[in-house]
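Report on one structure; see the data block that follows.
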Amino acid sequence: MERYVWQHMRREEIAEMRDHGAVVILPVGSIEQHGRHLPVDVDIFMAETVALSAAQALLSEIPVLVAPSLWTGVSPHHMHFTGTLTLSVDTFSQVISEIVTCMWQHGFRHIILLNGHGGNDNTMKSTTLKLGAEGIEVAATTYWDLAAAELAELVEGERKKVGHACEIETSMMLYLRQELVDMSTAVKDLRIPPTRMPTGGPVYFWPVFDPGTTGVSGDPTLATAEKGKAFLDVITKNLVEFIRTYHKAQIP
Amino acid sequence: MERYVWQHMRREEIAEMRDHGAVVILPVGSIEQHGRHLPVDVDIFMAETVALSAAQALLSEIPVLVAPSLWTGVSPHHMHFTGTLTLSVDTFSQVISEIVTCMWQHGFRHIILLNGHGGNDNTMKSTTLKLGAEGIEVAATTYWDLAAAELAELVEGERKKVGHACEIETSMMLYLRQELVDMSTAVKDLRIPPTRMPTGGPVYFWPVFDPGTTGVSGDPTLATAEKGKAFLDVITKNLVEFIRTYHKAQIP
Amino acid sequence: MERYVWQHMRREEIAEMRDHGAVVILPVGSIEQHGRHLPVDVDIFMAETVALSAAQALLSEIPVLVAPSLWTGVSPHHMHFTGTLTLSVDTFSQVISEIVTCMWQHGFRHIILLNGHGGNDNTMKSTTLKLGAEGIEVAATTYWDLAAAELAELVEGERKKVGHACEIETSMMLYLRQELVDMSTAVKDLRIPPTRMPTGGPVYFWPVFDPGTTGVSGDPTLATAEKGKAFLDVITKNLVEFIRTYHKAQIP
Amino acid sequence: MERYVWQHMRREEIAEMRDHGAVVILPVGSIEQHGRHLPVDVDIFMAETVALSAAQALLSEIPVLVAPSLWTGVSPHHMHFTGTLTLSVDTFSQVISEIVTCMWQHGFRHIILLNGHGGNDNTMKSTTLKLGAEGIEVAATTYWDLAAAELAELVEGERKKVGHACEIETSMMLYLRQELVDMSTAVKDLRIPPTRMPTGGPVYFWPVFDPGTTGVSGDPTLATAEKGKAFLDVITKNLVEFIRTYHKAQIP
Amino acid sequence: MERYVWQHMRREEIAEMRDHGAVVILPVGSIEQHGRHLPVDVDIFMAETVALSAAQALLSEIPVLVAPSLWTGVSPHHMHFTGTLTLSVDTFSQVISEIVTCMWQHGFRHIILLNGHGGNDNTMKSTTLKLGAEGIEVAATTYWDLAAAELAELVEGERKKVGHACEIETSMMLYLRQELVDMSTAVKDLRIPPTRMPTGGPVYFWPVFDPGTTGVSGDPTLATAEKGKAFLDVITKNLVEFIRTYHKAQIP
Amino acid sequence: MERYVWQHMRREEIAEMRDHGAVVILPVGSIEQHGRHLPVDVDIFMAETVALSAAQALLSEIPVLVAPSLWTGVSPHHMHFTGTLTLSVDTFSQVISEIVTCMWQHGFRHIILLNGHGGNDNTMKSTTLKLGAEGIEVAATTYWDLAAAELAELVEGERKKVGHACEIETSMMLYLRQELVDMSTAVKDLRIPPTRMPTGGPVYFWPVFDPGTTGVSGDPTLATAEKGKAFLDVITKNLVEFIRTYHKAQIP
């Protein structure tokens, strides 16, 4: 029985965690196409896994609650492929805002939005401005940003950060849920959508995966379960470290 | 490996299900207080369980996909108790509407909203009017309505239908997840909120669980795992029957 | 001069009613096609008539105010037929919410939404959740639910409850406004939209009246003015009874 | 039986009017305080009366339909007085927009918004911009603007145009519904809200009727039923004239 | 260095103006086609110019702040011509409402919305109702309304008030920014859109400039820089006069 | 006369630019406190300046249009200081979305959102997802991201990127508008809001400038006009380079 999973607890148990100043992690992700080789829930599954790993690691040290995973993310740029389920930007922002407000009303003061989907990142962060204007202060991060340097070192291929259905994501899936991965259909595709412009650079475009694309951005053919474990370990370690600091911060 | 769980499948697998005319079930529920004795996720867990049971039962007969569970429901009337996480009525409606629209755009034509939370019922149904006005036709039901007569017969106590944290819900939880139930704190409370008015009757009120209430409506002390199995079986049976009929219907 | 009609009163008269703890009834309905034989305002007219009858019956007993009738309902499923005027679900909810909030701000604490249109029912009820979350508690009902058992007994045909332009509605119109009814065009049609699925059962569908339908659900050919009077009497009687109870309830 | 009242007609009758190129008038008004001497529905009642009078006058000449009266107007500036029921600006605009869109979808091309409440005027007109951007072209006017010059000549007091609960409104009410008017409480008050600034001039302010005001702007003590008839006649005459011209205009 | 231009000042300077009870003018306009002969920013440029002229005239007398010009106006009726940039009615209203609310929160109590675009007028005024309902009281005017009588006398052509790209607007542009005006393409066109109906009269229509129109309403061929100066002088004079009165008014 | 300034051009001139495939730059910024030493419009002024510089540099090479500057940004985190004027996140997003949609409707296919305010960055980028879902593809960047490496080298102090009212912003203001800068009040403050947590790191917080802060993040005391010129030159150079590439891209 997991005593850090919000949804498995009873109301008085959650209230007790609140009384002990628990840190709440809300995993945020998406259900969207992940190439031919990965299931559609990679992003929310990974956010949830990282959250649970950190909670477990801190079990006897800091009270941590992992809230139910929010899989309703922002993926209009993946809608060309079947399986993608997306909210609009505005509705996604509203959902986060209302759920976090409930937590705040119940008295939690250390809330981490832990995101696993690139398409959510900007909206999640702009939502913290909305919440801040209401006096609600939360932390928000996308899990791979927690260990950008370490991931870059561990990655074998030339693309050093998380793309989409890439070496990093595929490795972690091989480590955690090999039965859902079909490596025979994994393909390398280093283009960063959109395809209208040469990739990279500091200018943001509508990152659409057109029907003509593979739906991949990165090189999943390099993935191994061993690397997956290494990726996950370093991310969890850094999240744990962050929670230690955050837990001490005085939030009004 | 479950071949009927949307989120565990790859995009081409989901497209193939679509090509075979699969029925999609979207479990809809809530995270909200369930008395002192039950965890906060009863409603979404039960909707998901019923959906998966039906899919399993139909495995070799009709293609069925169970979409990821939507736990973000409408429970402002439970916010007096810690643990409740609620959307506003409008946001909940918007979420359902957008997720269902994605399924429709991917070509699915048989979509069932399978609800497990009383507070969602009206909004879920009014959302089908919104969708209908856009040319999107879906089925919507709350799982206990599928077997109202059978449940009434199986129930032991005087309250013959699902209340809240009641004999029916508690029995099914004892059958499925006994480790999360604390029967020592279960109490009988037959009042139907609101407490301003004598209960029952054809007039709807704001069904608030005030701080002074137990947060229960029904008699969980009568719950047993055996009854839980019986409840679940009859509900699943009726859902299976419905899917058989629905699957044959021609939706434009 | 009717001293219970909100709109015919002067501001100090309404304030005086408020000071005496008056119950307010807000008739809610729709303007939508009602088959070939009935005018388009049946639903709002009936809600208003029931409200006025109850107010009259209680004239020397309980102060009751009938607010102006809200005819702007939710009828997208009738838009295939000329004459239907519908709001969207969201706007209808907003209108009810804002009008009721005004009444609450003026100090009324016993407010009944008395609905006469099936298409409004779910949205009206979900709106009471919105209002409740703001601390505003109201009662909401659809008039035929007030006397479901009695109506079932009085009805002659096989369909025992209100459908659309049916035996019950047509009878009451014959009793009250015979000059607007054209019985020569009344047809029996027992199908319950939608026509995609066998009718009845616990699953809700988009209840569309397609161009191919008659726009009727029930058997208006059995209608008589005498039955109409009987229907109206029992509904009014039950509403009166409810008001007596409600008037005594202490609302915060 | 009135063959020009939308709500009293059957769907095929309305469709027939549409086929004959009928002009539709949608009376728009408000329920809001009107001093101590007038009932709260003056504005919507007058808009409806003018619409019906014009329809009657044109009965054998031009097909005219009077839609059900929209009493849900914009009166936040009257909320200090009991009896006022107001929508927000946005909801009012949305209601008009959706109702007119239904008429347009049914094929009507000559639609007149006939307003009787000062507080609605700007929002009603801005809503025609919204509708226009959707390709829906309507006419919008406030009834007293139709005869500004004539009214100014007929008025006895120094305030030559419609204020609030003034000589003009009170006279028409005495002519049409004397039993609802209490002239013993009518007071003269020539201030134009807001009371922060000297009145008149080309700059618009929040026209609030503060608790300290009479709720009147004008001199109702000069009102007579005779003048009321004269006011009504000239307004109706000008509306009839406008409809003659409008009916000939080709709207895309 | 202009000490009355909000955006050129530092935060403590603005706070000091607030402490001295400064009047704030928010110029509101549009970017939209102005015939072949005028640039697209006439309306916002003129509102800004009038505001600055008044502030300058009052420099040693009354503290006045001119806020940054709001060029995002409502011009869907000009979208047939390239160069027009329009907000929807609702967004425009929201922008004004939020910006004014900031000023009010900072402690300013005398705020003038000074509009230069006909298409904004109704929405700007209805927005003051929204603000008023929140307890925020502002003044709103369109600059030519400040001197309607004087302009009518000064105008040479038959159209005596501001139309669009007309004698008045063109003259002021010749006086202020001759280099942006191409008089060789100026044409006279006295029609007032819409072209569906004879012009003038008290009924408002969707004022669309169809592709078939010139995009002009008035006679710019009569424009001269001398008249432009005269127009501007009288408008400024009247605005100055208004500010003197307004500045003395006690706003809560 | 500047032939690349949208608002100074006539409709046919803008249409001609469109026909030549012009690139449009929409400067986006904010009006918000900038410490004691800088005026409140730094962010929008800088975005506009960079846009104009690039347009000028490309004058004889590529057609570029600079749209009117959008100063209505997102700055709720600066509202503790007078002078800040902020939109909500949702309204800001809506404004950008509607203005860009107009440009797209007029036929422009190369549109750059050039932002100068940190608080806008996430919302601007999430808005491109909204637009993309509508088939409208735009580029979005914050000007300092265009030259992050170069700026880091040119900066003298320890904080190597743009903060708020920092060495970089202050230097450019000294170079361009020295008369608005009061260096005597410039203070060094290297804290990055929020002050609840140690600064830096990959986790995003509500970046509030509390009343207790200086409103500065960086070291403006190191600012010089010379550095300002250098900063501006490199940013402009990189923007010019980007435009050259972007102009060649085929956008659907």
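Letters A, B, C, D, E and F mark the chains as written, and numbering starts fresh at 1 in each.
The criterion applied here is as follows: a contact is a pair of C-beta atoms (placed from the backbone, for glycine too) under 8 Å apart; a residue touches a chain by one contact, two chains touch by 3 or more.
All of these numbers come straight from a predicted model, not from anything done at the bench.
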{"item": "Whole-Å gap between the CA centroids of subunit C and subunit F", "value": "56"}
{"item": "Computed distance of Cα centres, subunit D from subunit B, in Å", "value": "48"}
{"item": "Where subunit E touches two or more other chains at once, by residue number", "value": "79, 88"}
{"item": "Chain contact graph, described as a line, ring, star, complete graph or other shape", "value": "ring"}
{"item": "Direction subunit E, origin subunit D - full chain order round the ring", "value": "D, E, F, A, B, C"}
{"item": "Subunit F - residues contacting subunit A, complex", "value": "74, 76-77, 79, 88-90, 93, 112, 119, 121-123, 125-133, 137-141, 145-146, 148, 194, 196-198, 201-208, 242, 245-246, 249-252"}
{"item": "Residue numbers on subunit E that touch subunit F, as the complex places them", "value": "1, 6-12, 14-15, 18, 31, 33-41, 44-45, 67-68, 70-72, 79, 81-88, 91, 94-95, 98-99, 102-103, 105-107, 179-180, 182, 185, 215"}
